[in-house]
Amino acid sequence: MRILMDDRGKKYILDEGQDFHNDLGIIKKEELENCVPGDILKTHKEHEVKVIQANVNDFIELMERKCSILLPKDIGIVIAYTGLGCGDKVVDAGTGAGAIALHFANVVGKEGEVHSYEIREDFTKIAQKNVKQFGFDNITIKNQDIKEGIDEEEVDLIFLDLPKPYEMMESVFDALKSGGWLAVYAPYIEQVQILNRIAKKIGFNEINTIECILREMEVKSKGTRPKTRMVGHTGYLSFARKL
Amino acid sequence: MRILMDDRGKKYILDEGQDFHNDLGIIKKEELENCVPGDILKTHKEHEVKVIQANVNDFIELMERKCSILLPKDIGIVIAYTGLGCGDKVVDAGTGAGAIALHFANVVGKEGEVHSYEIREDFTKIAQKNVKQFGFDNITIKNQDIKEGIDEEEVDLIFLDLPKPYEMMESVFDALKSGGWLAVYAPYIEQVQILNRIAKKIGFNEINTIECILREMEVKSKGTRPKTRMVGHTGYLSFARKL
Amino acid sequence: MRILMDDRGKKYILDEGQDFHNDLGIIKKEELENCVPGDILKTHKEHEVKVIQANVNDFIELMERKCSILLPKDIGIVIAYTGLGCGDKVVDAGTGAGAIALHFANVVGKEGEVHSYEIREDFTKIAQKNVKQFGFDNITIKNQDIKEGIDEEEVDLIFLDLPKPYEMMESVFDALKSGGWLAVYAPYIEQVQILNRIAKKIGFNEINTIECILREMEVKSKGTRPKTRMVGHTGYLSFARKL
Amino acid sequence: MRILMDDRGKKYILDEGQDFHNDLGIIKKEELENCVPGDILKTHKEHEVKVIQANVNDFIELMERKCSILLPKDIGIVIAYTGLGCGDKVVDAGTGAGAIALHFANVVGKEGEVHSYEIREDFTKIAQKNVKQFGFDNITIKNQDIKEGIDEEEVDLIFLDLPKPYEMMESVFDALKSGGWLAVYAPYIEQVQILNRIAKKIGFNEINTIECILREMEVKSKGTRPKTRMVGHTGYLSFARKL
């Protein structure tokens, strides 16, 4: 997928078949049609606009999303802790705008599969539109309550971002392959407490909960320091493995 | 790759063609030969030993490594921040025991490539052995100084874990494809300061440095709290993009 | 010092000899004159206003300040690390609005002394007004550059919050009593690096630098978690002792 | 109180009327008798030993303690948040070895008072010995269960470090003066949750809970970084004010 970046660093989705226009000028659709990543176009006001091959983060930043989305720090830790890789089968719920499904799909590739459950119809539609727009065909977004059951079997990773992630532990356990992981994102410690107790009872192994605090550094000629404002907390990440 | 786990949760690499034996007993090589993940074997002392499909973390924990290795928290953040995905081309240096190359290879899959530079011959050999043992064939470990030049072109991600990562910024820039990322792991803030300055001068974009502080939670019947001991610092992660 | 708190929890300095009035109504000066902490007064609109014995934090929150002030977390760590106590002699620079001088004065009491150096005349005046208003008479605010020399001798604690705190290390060392502490607040790591090197050269002992990351917890019926926004960094605290 | 420091930086309590001896040699009691802070003595093996005026931290480090003690970071935050000052009246429980009582006594001075409750007789005796040895006479250590009642009135600060700090909220509220603070140290989040609920019900104001994460910096010629190991968690600090 190609995106555009103007000379202030602002990025835009390239809408095929349409002129690009912002406050820095216009680029005709004919010119956009054949451009390739690396090309530098010019608006009629002589501002440079670069064509960029979007990666999954570029797109997520620009796509429609009516809900909050997970930060890369949390997504990355889920991927590395569970050893998610190319070819894996993933289930996630709830989909939201589809950001985490896109990240998983990016990793598991064409030979892998991502099945994403979303109970709200409006989010399902947004996510489906986003997935289609980015061009991934290894994601299925279902307007389905994961509490009703998990259709998939022999799953490598089940990721839950739900208010009560502990309500479906048995079907999660059944759907996982031996060695597979459950990963849960939950903002409140009460959710973690219940989840841990139930996961233990059902027979999960390697149960643990972590929290990732991310500090951004400010490296300027004036001096170096951690940024003065930061995200204090997103959510706890809990892991449990079927062994 | 299959590994074994005894009833205390301890894991072992399954050495094909050899009996398994530890303090809990022996399992004959004939029995090991045909076991599949999920099987439960018994030692001659009647202890259960489970056969597990190893993921990349299981293996890294068990493999030979004569040097410190990156933690999953840092690896995961590199993957998610740079949007690394299936099919991508990665260069990393220095290889060490090969842990990060294994993680990258796990993500990029058969259609992707990982090229890993290591200046020390002994580490190169350990890493090559580890890669072969895990069974990945998308990794090339080279006993070569990355300062001498980067052989690869149109690279999606170059990852550096070196004392002076800023010495090869120009060849890094040249080797990256448009939109590609440089990610650098460096324990000291001085490395970050020099790196930032040089990356800016060479023309990199989206330069930023972060630090991930990971807190493990203790969830017990006695109560819930962050663990009382923790890793205080591993390294700063710096990112720069060729746009 | 008495302050007023309305029924929304908002606090106000009680200006002696003047009526109190806000959007919730008016209280006549005659009524305010003889009130004591614990009293509940009423505005003419029947809103309750409580009389409170102000502590140093109440006052600092309400007083005039044209500059940023240190957070209690950093002030408290300086006090506890250096073992500051009742009767001690303290020097600090720069004064700013006087917040840290007020905190120190609160601890050292009538038998102690706080001498505060401020290079800017406008800040000096604000701080002097604040100190007088709160009623402390153990603080001297001087419109004087501490680089020119420290007038005091046998000091227990010298606290510096200056752009170049390392420029006056020798006179700091001379002014301290044996066993006395230097404490430095500095936002940038470069300041810390220079300070550490010079402090070592001059003969300071027990040199160390820390950073305090404060997390506020949100304890609600909805759930418990760290607050989602937080202060990422204020400054590094460096300590050095004359032994 | 005078202490001794040998040329390796190790500190020792000066036992009046006794020779000093360690592996670096002996100093006769006659010589110790009249030494003053700043003096440098010599052992018979020609090793230098310095006489130092101990502050409260020096002594706490050296005193007998059969239990874990609070870290300065947490003590300092309690002092600064509650605005504790010279002349204040403090109640604390449980005493433990007396470390926090010593810190409070150091701040409140001769005109202030610290009343410390300890249920265990052995700890009470250790704490009483420690207080006497350091020479403070503004501390009363009582071998008494604070749950049975608080003898003091019009208290400025009540500090609790107990397994169930929420069991005595009403008598805490009664004992505090208007404007006074309750501060609670509790390692587990469950303690915090119950405490918050009860404090609210009883009528406390300005209820809040924080956690202080302290990072030590390593500033060496090799480079600057946060230390690689750190204390992950000590306890949550909860505050509630009677207004």
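The chains carry the letters A, B, C and D, assigned in the order they are written, with residues numbered from 1 in each.
One rule holds in what follows: a contact is a pair of C-beta atoms (placed from the backbone, for glycine too) under 8 Å apart; a residue touches a chain by one contact, two chains touch by 3 or more.
All figures in this text were calculated on a predicted structure; none of them were measured in a lab.
> Applying the touch definition from the top, give me the chains sitting in contact with each of chain A and chain B.
Of all the chains present, none is in contact with both chain A and chain B.
> Could you find the chain whose CA centre sits the greatest distance from that of chain C?
Measuring from the centre of chain C, the most distant chain centre belongs to B.
> Centre to centre, by mean C-alpha position, how many angstrom separate chain B and chain D?
Distance between chain centres: 45 Å.
> Taking the mean of the C-alpha atoms as each chain's centre, how many Å separate chain B from chain C?
From the centre of chain B to the centre of chain C is 48 Å.
> What whole-number Å value describes the gap between the mean CA coordinates of chain C and chain D?
Going by mean C-alpha positions, chain C sits 22 Å from chain D.
> Which parts of chain A, given as residue numbers and ranges, touch two or more other chains?
In chain A, residues 189, 215-216, 224, 226 touch at least two other chains, as defined above.
> Could you list each pair of chains that touch one another?
Here the touching pairs of chains are A-B, A-C, B-D, C-D.
> Under the definition above, what is the set of chain A residues touching chain C in their complex?
Going by the criterion above, the answer is residues 187-191, 215-216, 222-234.
> For chain C, which residues are in contact with chain D within the complex?
5, 9, 37-38, 50, 52-58, 72-73, 75-87, 103, 106-112, 177-179, 189, 192-193, 196, 205, 208-217, 219, 224, 226, 236, 243
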